[in-house]
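In what follows, chain A forms one complex with chain B and a second complex with chain C.
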Partner chain A sequence: MNAQDSNILIALIRKILDVWGGFRDFFRFSSSIFSSFQSFKHLRFRSIYTIAINQTRFTGIDALPLIISIALLLGGTVIIQATKNFPKFGIEGFIGNLLVLIIARELGPLATAMIVVSRSGSAIAAEIATQKQNKELHALEVMGVNTILFIVFPRIMGSILAIFSLIIIFDIVAFFGGYIISLSTVFIPIDIFIESLLDSFSFEDLVITLMKSIIYGILIPLIASYYGFKPQSDFQIPIYVSRAVVRTLLILFVINAFISALFYF
Partner chain B sequence: MKLEKNELRVAVFIIIPTAILFLFIILKLGYSLASSTIDVYLKVDSISSIKKGTQVKIKGYPIGRVVEITPVYKPALHFLAVLRIQKDINLFEDCSAIIQNQNIIGDPVIELRNPEKKGELLSNGSVIEGLEHVNLEVILQDVHLLLTTVTDTIGLIKDISLESKGNLRNLVSNLASSAATFSSMLQSSQKDILAILTSFRETAKTMNDISEELKRHPIKFLFKKDKGE
Partner chain C sequence: MEGNICNNGRDEQEEMLSFDGVSYEDEKSVSLVDISFALYRGETLVVFGPENSGVDIICPLVAGLITEYDGDIYYRKYQIRDFNYLDRYDYRKGLGYLQRNYGLINNMSVEENIALPLKYHSQLSTREIADVVGTFISNLNLEHCRNLRPVDLRQSEALKTAYARSVIQNPDMLLVEHAMEGQCPINSLTFLKNLAMRTGDSDKTTLFVTFEPERFLDFASKFLMLYNGNVVFEGCREDFLRQDNPYLKQYLAMSLSGPMRIL
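And now, the complex of A and B:
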């Protein structure tokens, strides 16, 4: 082994240790939220409730136009591809299956989560980082407020509710958007279409969708908050915001693949 | 005030998807607790044979009726007949539906036949494809058309054979006259041929004499002058 090889190996080991250290740090941060529940009684319910409502509005309601547009386009694309590449005769028999398979099981939750990460994840990280740099968090700590609990917990609650609603809205808009687009090429009676969807969408799919909405709802604000607390100076804020978005997306894809493999493989 | 508005919007935002989710669960559960009949769709190219109220049978036993016929314009004009059939009858996917007449002048009836290989049970909203459409009126029309075509063909063959007969007769008579002409030509030229042959023979004899004379007295033959010169 020459010097160059040993340098590469050392760099690789260092990288692995960095990643491992990052995971340990993240789990320490996550566990600190659970341990901080002890001080929950010292917080005013109204303040946490207000943050959760605002977070739900920002993550959910404000993202609705984007979610609806993307859902329509995705549903339409799937149907256009299906009607183009599959025989038209008898397509009504499997169009529900196709939509449930592609939209409800995979694309719906993943696309919703990606939109939430790009909109709300970055916003949460940037907001916390800015609050930290402006000493607002320090001021809260001085007042005896548990900052991790006060900032992260309501955002997690808000994100879970918002992602749950957004996934359902995304799926419905994609289904019916796809249906309307399909009418231009092939006629499928609406009741047949709904029956086909109901037949294809099992309770297992429903449970998995709910599970994904909860997991994404917890992970997105948690990772964003983790990176939001990281910057030590103003110029580090964009670096950590970018890191928050990229790593959250990576983890979402890994979790999505893991859940699909676990339940459908 | 602003907060209340936010709360209201968030409440609507959460309640509507939750209600849709519950509706889905109810539909999903209610689907298995449906009424005693199911509606299946039958694709037909033409509705000349079936109408609202047409009976649906399996092995001659009535199990339902046609309740609605709707036209479908895409991709090509066809019709969807809604068959309301009893749920307790086990019909499988890929079953065939044959529209047939009960007798020569009877009303049409849709006879459902289960496939050889039994797959999943036919569910509400299923579509029966590959309809075998047997219509007595259409068959009679087809037979009539076929008979007309056959009659025309026979007439055509008859005409051709009659025409050919005349042509053959002409050909044979022409051949006979040609043979007679050839024979008379041969007879008339027989004497001339003999004279020509005799003339050829004499010419050959003369030529033979000349060659003999030339062989014996070539100089004399060439330079001999007639006595009269």
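And now, the complex of A and C:
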């Protein structure tokens, strides 16, 4: 092995150790949430109510125009492609199956999560990082306020509720909005469209949608908060906000693939 | 260094806080070297000294934010370092801490900032909390800005809001860290008036950390000066005014010549 090869190997090992160290650090942070539940009995929900409501509003209601637009465009594209091309293969009766497969099972949760990460994940990371630099977290700590319970917990609650609602809205808009858009190019009778959808939709799909929304609802604010607590100075804030978004997206794709493989393989 | 400054008949009173041979060093080389002092119920201590003298470490040590140090710090005879997770939160719940830069929560109004400790910790109803907060807002002349966010506040309004938040639970001990620096002397009078009422209460203990000890002359029962992490002066109000100590003399005269090397 020459010097260049060994340098590459050393760099690779260093990178793997860095990634491993990052996972351990994140695990420690996540564990601190469980240990913070020790002071749960002291927590009065009126003190976190506003934070949870604001988070739900920002993540859910404020994201609706974007979610609806993207759902319409994605739904329309999928339906137009399916209705144009399925007849060529003689499988036009499977349009409902395709919609459930593509939109309800995969695109809906994933696209919703991506929008939430880019809007709310980045906002959570930036807000916490700014609070840390402004010594607000320090002030909370010395007041005896558990920062994890006060900052992270209501955001997780708000995100779970908002993401679940957004996924349902995304799917409905994608199905029916997409159907309406597709009418400009092809015609499918509405009763056949609905029947095809209902035939394809199973209870399992609903359970998995719920499961994904809970997992994404926990992971997005958790990872964003983890990176929000990281900056040691003002100039590090954009670095960690960017990391929060990129790494959350990566983890979401991995989790999405894992869940799909687990249930549908 | 010996602990009890101006110990006139204080022995029978409850010891609220004591530092016993505390030494601390961090990577920024700010340090404390074998510091000892005791603070009794009802007393007001002013800790001062130049930048990098170690004064900025005192409040974080008392609040239990720093736990890696040598020596012992006791609050009512309980070792702060030995507090477990719940003890530490209970301890901080009962401690007032007016920190440097105030640490007001930026997405909350003045009223919400002041109410936060009560909303989080107390059993009071929302209406009772509103009444208590209203009294503080009125006493501190904050009526005009009760719905403003910290970003819209003047320095003196931010100070008064932070003060109200730190004492709203009526803590037995209050830590005040560099509160008056950069404040308008006229606009901060309401704050000083309220502070004087509090420090005048024989049941309340206060610890000031400041670069301007003379501003607290009216309230302080004793003074402690640090330089390079060591106690270089300790005494009561009269000792402070006498200025027999060369370090104190140089500090108050703001002179470049004296035992302290000025940065």
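Following the convention adopted for this analysis, the second predicted complex is superposed on the first by the 258 of 265 C-alpha atoms of A that agree within 3 Å, B and C clash if a C-alpha of one lies under 4 Å from a C-alpha of the other, contacts with A are read in each partner's own complex, and residues count from 1 in each chain.
Going forward, contacts are C-beta pairs under 8 Å (C-beta built on N, C-alpha and C of every residue); 3 or more make two chains touch, one makes a residue touch a chain.
Not measured: the values here are computed from a predicted model.
A.B. asks: Which of the two partners, first being chain B and second being chain C, lies in contact with A:Tyr227: first, second, both, or neither?
C.D. replies: neither
A.B. asks: Quick check on the superposed pair: does A:Phe164 touch chain B, chain C, both, or neither? Answer first, second, both or neither.
C.D. replies: first
A.B. asks: Contacts for A:Glu195 in the overlay, against chain B (first) and chain C (second): which applies, first, second, both or neither?
C.D. replies: A:Glu195: touches chain B, not chain C.
A.B. asks: Once the structures are superposed on A, label A:Phe187 by its partner contacts, choosing first (chain B), second (chain C), both or neither.
C.D. replies: first
A.B. asks: With both complexes superposed on chain A, which partner does A:Ser47 reach: first (chain B), second (chain C), both or neither?
C.D. replies: In the superposition, A:Ser47 contacts chain C only.
A.B. asks: Return first, second, both or neither, reflecting whether A:Phe175 touches chain B, chain C, both chains, or no partner chain.
C.D. replies: neither
A.B. asks: Comparing chain C with chain B, which touches more residues belonging to chain A?
C.D. replies: B
A.B. asks: Examine A:Phe153 and indicate which partner it touches, taking first as chain B and second as chain C; both and neither are also allowed.
C.D. replies: So A:Phe153 meets neither chain B nor chain C here.
A.B. asks: Once the shared chain is lined up, is A:Gly60 touching chain B (first), chain C (second), both, or neither of them?
C.D. replies: In the superposition, A:Gly60 contacts chain B only.
A.B. asks: Please report the chain A residues shared by its interface with chain B and its interface with chain C.
C.D. replies: Of chain A, residues 50 contact chain B in one complex and chain C in the other.
A.B. asks: Quick check on the complex: what are the chain A residues that touch chain C?
C.D. replies: Residues 35, 38-39, 42-44, 46-47, 50, 127, 130-131, 134-136, 138-146, 150.
A.B. asks: Applying the document's contact rule, which stretches of chain C touch chain A when the two form their complex?
C.D. replies: Residue positions touching the partner: 63, 65, 85-86, 89-95, 97, 99-107, 112, 116-117, 119-122, 126, 165.
A.B. asks: Can you name the residues of chain A that touch chain B in the complex?
C.D. replies: These residues of chain A touch chain B: 50, 53-54, 56-57, 60-61, 64, 88-90, 92-93, 161-162, 164-165, 168-169, 172, 183, 185-187, 189, 191-192, 195-196, 198-199, 201, 203, 206.
A.B. asks: Looking at the complex, which residues from chain B come into contact with chain A?
C.D. replies: For this pair, the touching residues of chain B are 3, 6-7, 9-10, 13-14, 16-18, 20-21, 24-25, 27-28, 31, 41, 70, 72-75, 80, 123-127, 129.
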